[in-house]
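Just below sit the structures, each encoded as structure tokens.
Look at the two complexes coming up: subunit A is in both, with subunit B in one and subunit C in the other.
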Partner chain A sequence: MTAMPLLRAERVTLGYGGRAVVHEVSLDVTEGGVGLIGESGSGKTTLARAFLGLLTPMSGNIWYGNQTLKKADLRAFRRDVQPVFQAESLDPRMRVGASVAEALPRAERHRVPELLGQVGLDPELAGRRPHQLSGGQRQRVVIARALAVSPRLLILDEPTSALDVTVQARVLDLLAGLGTERLLITHNLAVVRRLCRTSHVMFAGRLVESGPTADLLARPAHPYTRALRDAVPRLGGAPPRARGRAEAAPAGSGCPFRPRCPLAVAACESAPEPRELDGRRVACHRAEDVLAAAVGEVS
Partner chain B sequence: MRGPVRLRRTLPRVPDRLAGLGGVLIALVVLAAVFAPLLAPYPADELKPAEALLPPDGAHWFGTDQVGRDILTRVLYGGRTSLAVAAAVLAASAAVGVTLGVVAGYAGGWLRDVILRVTDVFLAFPALLLSLALAVVLQPSVSTAVVAIAVTWWPWYTRLAASVAASVATRPYVDAARCLGVPAPMIVLRHVLPNSLTPVLVQISLDAGGVILTAAALSYLGLGAQEPTAEWGLMVQQGQSLFTTNWWVVTFPGLAILVTAFAFNMLGEGLRNALDPRRAVR
Partner chain C sequence: MIEVRDLRVRYGGRLAAHVPELDVAAGECVAIVGESGSGKSTTLLSLLGLLPDADVSGNVRVCGVDVLSASPRELRAVRGARAALVIQSPQAALSPATRLGVLMRRALRLHGRDAGERVMAEAVESVLLDPAILRRRPHEVSGGQAQRFAIALAIALGAEVILADEPTSALDVTVQAEVVGVLRRLREERGLALLLVSHDLALVSTIADRVLVMRDGEVVESGPAGRVLAEPSHPYTRELLEALP
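For the complex of A and B:
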């Protein structure tokens, strides 16, 4: 019997001003780290905002334990689920100590130095303003603020994308050693590989493939997952090439990836239903062909 | 080409120097107004008909007016009235305008719509015309001028603060505070208001000159300060018919208005840079 996920999206449609940008997504935030991968504009951050209770679904539900977010005890939810946004998410006018203290009840504000120390920062930095810190230090302050309420789950939205690679590695070490569950939103596959046991790939507001991260990246079953993987630059390798047109097909007109898909066929004029295949869930009419090609590459 | 480049790096940037000059001028005007009783060579309302319309000389640096009052003395005392009107109008307008604007910007939805539609109603009238109408209905006085100008001024701050606050409300640090369960009024006071103030403060300093000019215009039209109050606009109005024959009566209060308005504009430009935390000294 599997444990109940802390958060679950059930056929969630999200949008702004009445226009949907995430379409009927279902997703469990399970143990071991969950990655949400996709390019800019694919709806990852919108979904994360819904999981944080910052955006109300147009339809569907976000479940927190066995209650929907609408009916849940928000105080308990806020203690359990915290965001870690990019390093630039600190109030530029507040000293970083005050930013961390904001998360604490008045009686516990003495814990600020301890929390800064926990993320590897000199407590003396509490008196500085964000622009007086490096990007890596700012990101650690953001993490310290989230940890102040001892959450069970961190929702990490591109936590390392503004950092250079060496600083990225140190922040990833920190995140990996925290012992909290995590939902990681990123377009960086290396980060997902390191921190997430399960991953979901989003394209144009839809989940196109979900499964164990290692399988997804080694043997993708969706042509978009394969394109994402192949787009990662490698030292000494040929430069990655984008294939097909950049845009997605309009909603409701078949597979959204069709305009960019090198394997598109007439069947792709109809929207593919998600189905189980080789231990993952994939929404593609040509999934078997993509998987077979990936298996051929591996062997 | 190295010379000019090096020179540019050494000297403060032009807007900063202008702001500094503006600040110094305002400080001088404020000090002159505050210490008018000490600095003024004559009592403010001393009438000496025998010395009417004397041109500037050693005894009366700015000359005298139609009833023999010393114009330098009147300009110094007039600064008190003009600056007090500007301060009162801007404080009242900003307090009302920014409060409503920040609430509208953060809350959004119907509350924003209601607040902004009310500002639209006020902005539909030309400001000076509305001020004139109010000043006519109320008894002409300095207080009336303050009320009349403030009523036409606050909607600008509401609109400005609403647009800035709406943008600040979408920043990740506001989202982070929401996720921590910080109550909405606290988020507004702690994050939205302080981060919305920079453009409002710049606008206030830019507007100070405009308020002084509007107060002067109301007095000029006989609807603001009344005799014997010393006020720059009123002095210009009383001296206008003498401009060709006794130029000093209208010129010195006119210059006082010009210099003060200009100084506030220069300071406003400089504040825009100085209050941006990303430009603060590291």
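For the complex of A and C:
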């Protein structure tokens, strides 16, 4: 892909109160959907906040086109890049039509019914308050609000994790059909498989593996990606496997996954540099072995 | 362990849950699946007499006790001891200032059980936790550790059956795999009976022997998990399965 990414993180370190929780992450938000996968505390939401300009990097830069966010025209940025949070972000006292109108320029407020229609909601619902709608309807209102300024990119943080499966399926259909670029933060591998051509896996504030989503899930090269994939229960499949320990203190130095990794060796006491391997970028001394095992599992 | 016949739970005349038949034997896992508002949690809570505002009728026996006609004293002897409830977010229900070991000791004494260090350590080890966790407070442990502690508490109290309401929905998948592994082991090694309420059909398919599918308060389909999830006969079960991403 030669086009300049809309957003790019360049060796970004992020933290709170001087303590870093995301370490030197480099990532391009490219076309076709980008997924950011990881478990609670991995730093994915912190990184999303930096991409939204809500958190200033301790070091490194967030690039918006050819400008860093520090120097960019924030009015244009806020039109181009819109967040979609969970449905609980709606003001409970406001009628949902007013919530959507609030996001529109004054001269365009007549577009509320059109926007509600675009997300598959009956425009009649504009007069309701959030608690009078179902969870799926509320999530659609949040998406309609984000679409009000015709953004180029939606940054979605767990957009469907609070929804029932049948409702989730319909919201995913809606997002897939929108034609807006998306950066999706989730712990749900099935959701990234559906919506993201490229995925990045985070562990303990570091990117451990990046590449085409289909390859990452079919043949993971990082033991953590493999542990995540194997822990997902499959219909009628074997019980989910806990590969290595699910919980352990992160290592002080060296590979952060080492305390949990079933393949850890002495070399893992030095931190692995990210490197190119088989069409993806992976930070693991034993990536070749993980990949070889994955090929064995498929055949 | 659990025997239910013609259970009806009503709120102000509105039928919230109706379960014609539900049995869970020792060492067995039965799951109730459905979406928000289907009546699955209402059913689970009614089995422990935990719905004081609801009108509950039918025949419910848990560990041999007739729940609907039992005295508060009889009910307490079953609830929390022989039949334990495990909820989605135990951290929210544990006193934040109290160490886990103190919480466990109090619960054991309340039910007149041996509250010695060894008993407590064994219970904690049975869910693959380090006994050192007993010195920590609820906010100092992770969600998965808190959930396994809740299961350890049930084991220490001598639970024969665990009623679990979305026990892993708030957990990451890798942590979920560990908690599910612990529950499977307890079933196999101690003959623990498990009634599981979940919205996750894929998870249920990997651990349940039998499944009840609920919608709008009614059981629309039930049977062996393999059969129901592989060859669903009700259109709603098919819809749930097709919606899996």
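The criterion applied here is as follows: the second predicted complex is superposed on the first by the 287 of 299 C-alpha atoms of A that agree within 3 Å, B and C clash if a C-alpha of one lies under 4 Å from a C-alpha of the other, contacts with A are read in each partner's own complex, and residues count from 1 in each chain.
Note that contacts are C-beta pairs under 8 Å (C-beta built on N, C-alpha and C of every residue); 3 or more make two chains touch, one makes a residue touch a chain.
Just so you know, these numbers come straight off a predicted model, no measurement behind them.
By the document's definition of touching, of the two partners only subunit B reaches A:Phe85; subunit C does not.
In the superposition on chain A, A:His187 contacts subunit C only, with no contact to subunit B.
Using the contact criterion defined above for the overlaid structures, shared-chain residue A:Leu52 touches subunit B, although it does not reach subunit C. Touch counts on subunit A: comparing subunit C and subunit B, the chain ahead is C. By the document's definition of touching, of the two partners only subunit B reaches A:Ser99; subunit C does not.
In the superposed model, A:Arg219 makes contact with neither subunit B nor subunit C.
Residue contacts after overlaying the shared chain place A:Arg140 against neither subunit B nor subunit C.
In the superposition on chain A, A:Arg75 contacts subunit B only, with no contact to subunit C. Within the complex formed with subunit A, the residues of subunit B that make contact are 171-173, 175-182, 190-191, 194-195, 277-278, 280, 282. Every residue of subunit C that touches subunit A in the complex is listed here, in rising order: 35-36, 142-145, 172-178, 180-181, 184, 199-203, 205-207, 226, 229-230, 239-245.
The touching residues of subunit A, counted against subunit B in their complex, run 49, 52-54, 74-75, 78, 81-83, 85-86, 88-94, 99, 102-103, 129, 131-132, 142, 145, 149. The touching residues of subunit A, when paired with subunit C in their complex, are 39-40, 135, 164-169, 172, 187-191, 193-194, 227-228, 230-242, 245-247.
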